[in-house]
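Below are two complexes that have chain A in common, paired first with chain B and then with chain C.
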Partner chain A sequence: MKFERNTLLVLGLIALAFPLLVGNQYLLHIGIMVLLYAVLATSLNLIVGYVGEFSLGHTAFLGLGAYTAALLSLRLGLPAWATIPLAGVVSALFGVVIGAITLRLRGPYFVIITLAFAEVLRLIANNWVDFTNGPMGLSGVAQPALLADASPLMAKRFYFYLALGLTAVSLYLAYRFVYSNNGRAAVTVRENRFVAQSVGIRPFVYAMRAFVLGAFLAGLAGGFYAHYITFVGANVFGFAFMVSMIIMVLIGGKGTLIGPLLGALLVTLLTEYLRELQELRLSLFGLIVMAVVLFLPNGLMGFLNHRRERGDRAAPDDSATRVQGGPA
Partner chain B sequence: MDMLLQFVANGLVSGAFYALSALGLTLIFGLMRVVNFAHGELYMLGGVMGWLATTVLGLNFFAGLALTLAVMGACGWLVDRFLIERVRDQGEEPSILLTIGLSIFLTNTALLLVGTAPLTIEGPLPNKPVFLGPVVLTELRVFAVAACAVLILAAHLVIRHTRLGRAMRATFQDPMAARLAGINTARVYASTFALGTMLAASAGMLLGSIYSTHVSAGGLVSLKAFVVVILGGMGSFAGAIVGGLILGVAEALWGGYISTGTVDIIGFIIVILTLIFKPYGLFSTQVERA
Partner chain C sequence: MNATHDDAPLLTVEGLSKTFGGIKAVQDIDFQVNRGEVFGLIGPNGAGKTTCFNLITGFYTPTTGRVAFQGHDITGHSPYRIARRGLVRSFQKTNVLKPLTVFENVLAGHYLSARQSLLATFFPTAPVRRAEREARDNAARLVTLLDLGARMDTPAYRLSCGELRLLEVAVALAAQPTLLMLDEPAAGLNSQEAMRFGGILKRLRREQVPSIVIVEHNMSLVMDVSDRVMVMDFGRKLAEGKPAEVKNNPQVVEAYLGRARA
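Here is the complex of A and B:
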């Protein structure tokens, strides 16, 4: 807990200084994408790591957030400070409905029904031309008024800090959730559903809270995406985003707060590095997923935690009394 | 009224393919408890192999089909021995992730090697129309449906009446007892995976001869196979067949009367409704989820 909090604070400070030290728009753009993916991976991790069910439909909430922000901005002319939180709220409301249906199911059934919801939303976005503009997508989402006469570099810096703010909010909420009774109950359910039930934890209630929080955060990220990219098409519901999110959570280590951040950083940089090789990149991602499952089932953070705990045990200290935030 | 019959006939034709492709999935799930998310990619590879065999190697359709079945069976065997076996008995999640990784790898590697162009497989019969009362089909479609039926029947006979099939059913009932009785369960699992792969690949090749196939078809096929399997009940042979036909007809009617753009949505609506109201499917005999 202390280790996670301190690491997060240090990472936050580094991120705060980053745009001041870097004057390159491209690097800033990569930084913004890392932060966006950090929010998304954190939100998926709440479901994968703390509900213990695997969602393939998390893009539903990213897409809902992006479309909500884009439609509110284009049709009603609302500014970004209103649309991004509203995007989160709309996603969370859908999270309540979708969660109420999907969380009754487990294992493969949960995977498939979440995927089905994301696909239904993608098909609706693609076909309901009057409302969503269909395959043409919604373009020209307004940038915040503040940026009307800012230089491109300043605009990037502004977006970087906005994304950093969102990441901080997400991590704060996730941190408070994970280290609350809610989070501990969710971990108990994940580790052993029947023991959890026998001590009076209702799995559905806690799973639902994690699910709705995850939906809210993904919606925020979607809203930010809409304003930053200024274009929203049905591809936000697509599988490509889903694959990136899964890999980030898996590589970093599900069930830890730092893991998804690490994953977001590594995968975004790797994606940029392999940008020229579109399909080869995804092939590699497929291989990485398989390798992680086979050789590193708890991700990098799981590996590091394991090492750290072994070290602690070698040098006797108060590891027995240290509060464990759930095995990674 | 004529149109209705025509829609139903078209629906039954595509339903036969859904049934064939879902059969492999339900077999692998029923026996191995592995939810194979790479199933659609195996189907796609079947189509690509069929195209390679008939167009590039110049074999005739039946020799191409035999070659495809042999190669894909070997692939399925290897996938099981080298990947699935490592996460066996570790619950569902690792195998789900592993097959998702496999599907991402297969799709994109195939895209890299073959490209996005549609691949047409030369069918064994011409596309001449056949009139059955008010319904028009093509000879090729009638042939393909018959081939589907033959393959389904063959799979059924293998499972019911061969030594391997008996070993499969024994392993399905109780893997431990099967091992105690001297069954090499590792080989049974690999054979099952190979059989499931062959069923998927044959569906891919047959459908590729009617329409065309392309390498990114796998995702949608996986999803439809899941729709069928969930509708019919995971692990149920009859359920896969009935579920496939229901999905085919429902899609044809939706496409005919409501809108062709949103045909794919019907499958997802079926999944959502089935999972809410009858989560074990129409034909499942087991109740296993807590």
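Here is the complex of A and C:
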């Protein structure tokens, strides 16, 4: 708990200094994408890591957030400081509806139905031309007014700090949730539904809370995406985003707060670095994920925590723990 | 404790039955548990003791019959609602949160006392912080009370079988039960460990929870700690009474040892 909080604070300070030290728009853009993915991976992690079910439809909430912000901005002329929170709220409301249906299912059923929801929303976005402009998408989403006569570099810096703000809000909410009675209840449900019920926890409620919080954060990220990219098309519901989020959460380590951040950083940088390799890049990611699942089932953070635990124990402890053996 | 009902029985079970298809797992069971009493439930394997437990704690719905706890009808309620009334159970097959440490397991059991609104989760107020601190203090106290102090920060999957049973009891106690129901808490313990467990149970009764229902196969343990015992066989109640009386009941002897040849 302390370790995570301190690491998060240090990472936050580094991120605060980053735009001041870097004057390169391309690097700032990558920084912004890292932060955007950090929010998305954190939100997916609330579901994968704390509800304990694997969602393949998390892009539903990203897409709903992006379309909400784009439509509110284009149709009603609302400014970004209103559309981004509203994007989160709309996603959270859909999270309540989708969660109420999907959280009654376990394992593969949950995976398939969440995927179906994202796919249905993608089809609606593509075909409801009057409302969403169909495959042409919504372009020209307004940039915040104070960027009207800022230089491109200043604009990038502004977006970087906006993204950093969103990441900070997301991590604050996730941190509070995870280290509260709510988070403990969610973990108890994840680990053992019988124990959860026998100490008075209603399992559905806590799966739902984590799910809706995840939806809210993904909606915020979607709202930010709409304003930053200024274009929203049906691809926001697509599988490409989903794959990135999953890879980040798995590589970083599900069920930890730092893991998804680490995953977002590594995967975004690696994606840029390997850009020349085109399609081969995705195959590489496939192999990396397979290796992670096989050799580091709890991701990099799981690996590091394990090492830390061992280090702590190696010195003073007696042989008793070694005799007991490791995990079954 | 609730002063108005002091004389009324804590738990009343009337005509409880459960059938699975054609199998009558539990038939027409009646019993009462009084305040401050340790009530033992014994019987050969397959006698229906655990089914009885599941019926009372809401994990199964009774086919017929009625369960009342502290004067409230709880028949067929969900397990979490029954737990909220103060009737908390442990499981025969060990159920703990494996990757979490001993302390975290017991802390998770404090769910009810540390409940909070979602708003208070994100913007904690002073009472929430206090409840959280109390839950942590109490979790540490319970771990020590059950002789697991040395294992406080050990993940549950590293514990021995005996320690796991103690941890399960600690998690149940964390929910602050009025009546604690233990399903074979000494299963898998050797006789020495079981004796130690009996000592801990007596301590719990003095310091933590006065009323306990215990299902157990270890006769010396159950006869030692119980005030009254009920014997079940083939889903029916065979006998009920003080341990010494029940031990000499011919029907009970027959159920355990078979009929003497004439």
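Simple rule for what comes next: the second predicted complex is superposed on the first by the 314 of 328 C-alpha atoms of A that agree within 3 Å, B and C clash if a C-alpha of one lies under 4 Å from a C-alpha of the other, contacts with A are read in each partner's own complex, and residues count from 1 in each chain.
Throughout what follows, a residue touches a chain if its C-beta (ideal position, glycine included) is under 8 Å from a C-beta of that chain, and two chains touch if they have at least 3 such contacts.
Note that the structure is a prediction, hence the values are computed from the model and not measured.
With chain A as the common reference, the superposed partners chain B and chain C fit together side by side.
Contacts of A:Arg5 after superposition: neither chain B nor chain C is touched.
Applying the stated contact rule after C-alpha superposition, one finds that A:Leu173 touches chain C and leaves chain B untouched.
Look at A:Glu191: by the touch rule set out above, it reaches chain C but stays clear of chain B. Of the two partners chain B and chain C, it is B that touches the larger number of chain A residues. Across the overlaid complexes, the C-alpha centre of chain A sees chain B and chain C at an angle of 80°, to the nearest 10.
By the touch criterion stated above, A:His29 is placed in contact with neither chain B nor chain C. Once chain A of one complex is fitted onto chain A of the other, the partner contacts of A:Gly286 are limited to chain B, with no touch recorded for chain C.
Superposed on chain A, the gap between chain B and chain C at their nearest CA atoms measures out to 11 angstrom in whole units.
Chain A residues in contact with chain B (one complex) as well as with chain C (other complex) are 194.
By the touch rule above, chain A contacts chain C in their complex via residues 172-173, 176-177, 180-182, 184-185, 187-188, 191-192, 194-203, 209, 321, 324-328.
Chain contact summary for the complex, chain B toward chain A: residues 29, 35, 37, 83, 86-87, 92-94, 96-98, 100-109, 111-112, 219, 223, 226, 230, 234, 259, 261-262, 264-265, 268-269, 271-272, 275-276, 279, 289-290. The touching residues of chain A, when paired with chain B in their complex, are 54, 56, 101, 104-109, 111-113, 115-117, 119-120, 123-124, 127, 193-194, 239, 243, 246, 250, 279-283, 285-290, 292-294, 297.
Residues of chain C touching chain A in their complex: 57, 59, 78-80, 83-84, 88-91, 95-100, 104, 107-112, 114-116, 118, 121-122, 124, 132, 135, 154, 157-160, 171-172, 174-175.
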